[in-house]
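Read through the structures below before going on.
One chain, subunit A, appears in both complexes that follow, with subunit B as partner in the first and subunit C in the second.
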Partner chain A sequence: MASLTTAPIEQPTDERNPPWYQRLGTDYLPFLLLAPAVITLLALTVYPFLYSVYISFFRFRGGRPDTFIGLDNYARLLQDPHFWESIRTLLLYAALSVTLEFVLGTALALFFTGHFPLRGLWRSLMIVPMMLTPVVIGVIWRLMYDPNFGITAYALRSIGLAPIEWLSKGNWAFVAVVLVDVWNWTPFMFLLILAGLESLPVEPFEAARMDGASRFQIFKDHMLPMLAPTMLVALLVRSMDVLRIFDQIFIMTSGGPGSATEVTSLYLYKTAFKFFDMGYAAAGLFVLLILITILSRIYIRFLGTGEEG
Partner chain B sequence: MDTRRFEWSNIIGTAIKYAVLLLIMVIVLFPIYWMVITSFKGRLELTTYPPTLFPKNIILDNYRDAFSDSDIPRYMLNSVIVVGVSTLISLFFGTLAGYSLARFAFTPTFKRQISFWILSTRMIPPIVTIIPIFLIYRNLQLLNTYAGMIIVYVGFTLPFTTWMMRAFVREVPVDLEEAAMVDGDTRLTALLRIVLPLTAPGLVATAIFSLILVWNEFLFALILTTTSATITLPVGISGFVSQFEVLWGQMSAVGTVAIIPILIFTLAVQRYLVRGLTLGAVK
Partner chain C sequence: MKMRTTKLLLCVMIIALGLVGLNRPANAATKIVVAAVQGVESAGIKAVIPDWEKKTGNSVELVELPYPNLQDKVFTDAQAGTGSYDAIFIDDPWMPFLASNNYLTPLDSLGYKVDTDFVQKSLDVASWPPPTGPRLPGTPKDATPKLYALPALGNVQLFWYRKDIITTPPATIQDLMKAVTENSGPGKAVPYGFTVRGKKGNPVVTDFNAWNWSYGGDIFDDNWKVIVNGPKSVQALKDELSMAKLSPPGVANADADEQAIALLNGSTLAGIIWPAYNAQIDDPSKSKVSGKIAVVPFPKGEKQTSQLGNWLLAIPAAAKNKEVALDFITWATSADVMKQWVGATGVPPTRTSVFKDPELSKKYWWQEANLEALSNATWRPRTPEWSKVEDILGTYLSKAIAGDMDAQAALDAAAKEITDVMTQAGYYK
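Right after this comes the complex of A and B.
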């Protein structure tokens, strides 16, 4: 019986209460097993974070903290249009990419439900873009976007349009990097929502159809509520991930032209490693992290609803 | 008669479905195809207009130039070492932690807090931790060392391996372990003898996802490595873009080689893909 717990077998009642090191394998085991992971993560996330808060109070000279300047870096940050613009670019990039991916992915999933031959094959092929090295993705698309010999220029010319200088004109560059994200991650939304759709029971939809409901009504009134949890997970996982964007943009445009595609990661990367203004970058990181924390709290609250604890 | 018309509309419907499917597959796969054929094009054909959809002569020069007399093979070796060792360690730590979170009661709040804290470290953009880590590493002289890279990557994949293994361990019935412990196993031997074999497919899938994550990682490597002794493949590829020219052919050749292991591994884990991408939240 499952209710037979292990505790009485593992720890024979012992009134002498053995010293802590003898209880390592029993009472303290849960914590002992957790320890390596928790210590590693503390060392690689919490400690660097505290360290970066510390250095954010310093002016750097020659790549080293030099003078304590209190909150000056933060004051400067508040008045730095480039920083806030990079946040705006990041949020716009995230919102546009995720929305497009979600809408396209849902449409495709609805289109491809049911029996469809060669499923295994085309599904595995669909997975490929999201597994590729982001740097390689950046390289491929930079090659295809080339205004002179790139394939997109050729395609546009052959239908009578002027080739677009994708990566060197501000708005187009932004569109270009968003399109790459959509190419990269629509399959993710598609596969997740398809998996959700296929786990739904068919009876309610059959019954609704018998009652004369239209396809759209069936989707809206019956499928959507049941599909909502899967959609939510897909949306949230993707929105958290999109905020990490760096590699492709770094390869394709390095944030340019001007600062048209300069998301916050890129701006702070340049501040820290091109201008060696590390204290100022650290202040920026702090603000970025607050933003991400707020978003991830929302995420965790949603994701946590299905958790039993 | 009615049934016949029904069949016709069915056939047309199927034809449309296949056409859409074909179009989507072309969009999904064309960029990869484009890189692969670019790697086989000669220097002249690379920059001719209109671009050729299939190389006129298949030339291996790009591969020869990129791999002989260059640091690329060394970068590959660096990648393999860093990826392999960090995945092993991460899997070890992650399995222990995942098991602990899946099996022990703790207090519900503590367990929940710690699980989600581990998850939330995965959401921090790498740039946030890498600037302080760079400064800390400089003080500890860990820049340009395998050890430094491996430590960072263990932390990078740990939230993932922990959550995945937590989900896989939960699926193993507790009764099996309890029976083993009645027969004289301790917790740890039961974990080794009962739980690990039963989660083996999950363990392999988790390992492969973690391998891919590290193999693809760029920003940490870009900042923590500056010498060819530790530069990894993605950083090596980015090195083909210089201010003056881009060596498209060679870059495509290295890119093609870099994605071969990913393609093989992806096929191996496709059954677990949805779980992997959602950290076990959706089956």
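Right after this comes the complex of A and C.
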């Protein structure tokens, strides 16, 4: 009969199971090293996000949360024509800007796959607009757009045309701010798509060329499908970014004339920091976040489809 | 090896913390932090700060910010109660929000006694509740206004015109409109007659206020009922819009800088200009019309007035060094010191003795006009809701200037939204 007693459990020695303070350098070191970054991230993103959701349920008076009002701020948002007008302006701005940046960026990237003198220098110059800060861009373009002494007015006069009051007429003001965004961020699209192009294998294109395919057919039927994931990533990143636009428009037009260029970030900035209606602004920002999340889900679905295809 | 790395990291952290702890000045005098608006408005005071530091042994950290950023930071600091600033430059329309929410320190609580050398209008806008005009609902009728700030700059809208072309000074607004229409345009002395400040928000509202009040109109009556779409205000806007047609291109986005440039470069006959630009009139590096511009109060409509926009020096309720801050602001706005920095910059003072100083009056020939305009000026409605009201009015005025709405429609739309704001804020029973 086997013994029912179990063999005595061998007690671990200090060597194999050192105390916790001796394991700091082994088991816990990675966490210790990550801790400052994680704590900062939590403090600067997660906590503010949770706090802003919290205050969105309050009415503010004198810049301080005053009364808990539940979903009243959200109900007010649904009926606020200015908020929805700003959403429409923002979506139109995003659609136009990103589309133009994408088309121009792709065209430039294709052009730069060729070889020509000083290609490296031109490529470096191409990305300069992306390096400038938004406030500087806003100030420069506000001056350039001035119909009295701006360079755009000079250029138009020199070809016999009257200067355009870019920032003074509603429709023109909208076009003006879109153009600035395109100037600023086409280099971003250009860089990403160029990187994608340069990573593609050349053999399929050579084979297609030998089979008599035209350059357009090679681009459409071979290059484009292979480049699609890169393009979608570029579109996703740029779209997320453009929905946060603020600085340039603030400097150039402050959302005017009227509300022609008042995008959502400007409207909510005004609500939070001019009117001190923080709860309402927080509710608006949460709705904007939902919108951006839905958009990103659509993009990611396309990305996933593309990869499976 | 890993144990050694951990020990090394811990040692580095301890040393770093120790160095931070040791880096404290021993027996430091008090340092106060002053938030100021960037530009000529604070340039004078900035220049004299070393004198105060030498006199008292204390130090000043001057934080200069553009107007919109200054408002953001001051309001945010006040609301959070962080006490980042010991003294702040505030624009007078911020007073209702800050004072009514107890974000400022009443100066009498620090032992300050009112100095009657300050222009009365400037003292009035630095007080709360307002000495005249409608008060917030619920304010006791016998509530005595307290002084919450010291007036630093006596800003008020002035009227510039080309005296070499308009040789008879326009006494009334109708005279002004006739003169600029007759003397500007293709083939005339100058291409443009009048420069309107049309940029959305505070700029366009500021210009409109001068017209509106001069015509006898207003934004609210004494019971806070919105009257900005009344016949006098509509007429004021119509006339202003007719002047906008005589403005240089880009009027719907023109701000104070563009207005001043339009006059200083000789292309425009007249405009409502803030005093900060006066010193540029005779500066050949900035002006092509030195000696040719007259500076006077805005001509008379039903009454003679324009908008007041004083800069005040206040002490936040959460300030950490209130007594030292009071000493600084009292010194900075004293007659001798004010004379010094007004003398250096030409900005308008807030003391009668400094306005009338013979030396300064000779150097800055517009001071008499500034004092007259300040004495007749109108302040913006004293309500914490002013930011919202100004934004709504600014949006619709901007649409009117851009030609997207006519005067009546713009003011009707503004009146409706302003009424909604005041209703939500509890102004109507």
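In this section, the second predicted complex is superposed on the first by the 261 of 309 C-alpha atoms of A that agree within 3 Å, B and C clash if a C-alpha of one lies under 4 Å from a C-alpha of the other, contacts with A are read in each partner's own complex, and residues count from 1 in each chain.
Quick note on the criterion: a residue touches a chain if its C-beta (ideal position, glycine included) is under 8 Å from a C-beta of that chain, and two chains touch if they have at least 3 such contacts.
What you see is a predicted model, and the numbers here were worked out from it, not measured in a lab.
When the shared chain is aligned, no partner comes close enough to touch A:V182: not subunit B, not subunit C.
In the superposition on chain A, A:F273 makes contact with both subunit B and subunit C. By the touch criterion defined above, A:M223 reaches neither subunit B nor subunit C.
After overlaying the two complexes on the shared chain, residue contacts for A:S265 are found with subunit B alone; subunit C is out of touch. In the superposition on chain A, A:L29 contacts both subunit B and subunit C.
In the superposition on chain A, A:N148 makes contact with both subunit B and subunit C. By the touch criterion stated above, A:G62 is placed in contact with subunit C alone, subunit B being left untouched.
Of the two partner chains placed by the overlay, only subunit C lies in contact with A:L167; subunit B stays clear of it. More residues of subunit A lie in touch with B than with the remaining chain of the pair subunit B and subunit C. Residues 25-26, 29, 148, 273 of subunit A are contacted both by subunit B in one complex and by subunit C in the other.
Against subunit C, the residues of subunit A that register as touching in their complex are 22, 24-26, 29, 32, 62-64, 146-148, 153, 163, 165, 167-170, 173, 253-260, 270, 273-276.
Residue ranges of subunit C in contact with subunit A, taken from their complex: 2-7, 9, 71-72, 75-76, 78-79, 97, 100-101, 103, 198-201, 248-254, 258, 262, 267, 384, 387-388, 391, 395-396, 398-399, 401-405.
Remark: subunit A residues 2, 4-6, 9-10, 25-26, 29-31, 33-34, 36-38, 40-41, 43-45, 47-49, 51-52, 55, 108, 111-112, 116, 122-137, 139-144, 148-151, 154, 157-158, 183, 187-188, 191-192, 195-196, 199, 230, 233-234, 237, 240, 243-244, 246-247, 250-251, 264-265, 268-269, 272-273, 278, 281-282, 285, 288-289, 292-293, 296, 299-300, 303-304, 306-307, 309 touch subunit B in the complex. Touching subunit A in their complex are the following residues of subunit B: 17, 20-21, 24-25, 27-29, 31-32, 34-35, 38, 46-51, 92-94, 96-97, 99-101, 103-104, 106, 108, 111-112, 114-121, 123-129, 131-136, 151-152, 154-156, 158-159, 162, 174-175, 177-178, 181-182, 186-188, 212, 215-216, 218-219, 223, 233-235, 237-238, 240-241, 246, 248, 251-252, 255, 258-259, 262-263, 265-267, 270, 273-274, 277-279, 281-283.
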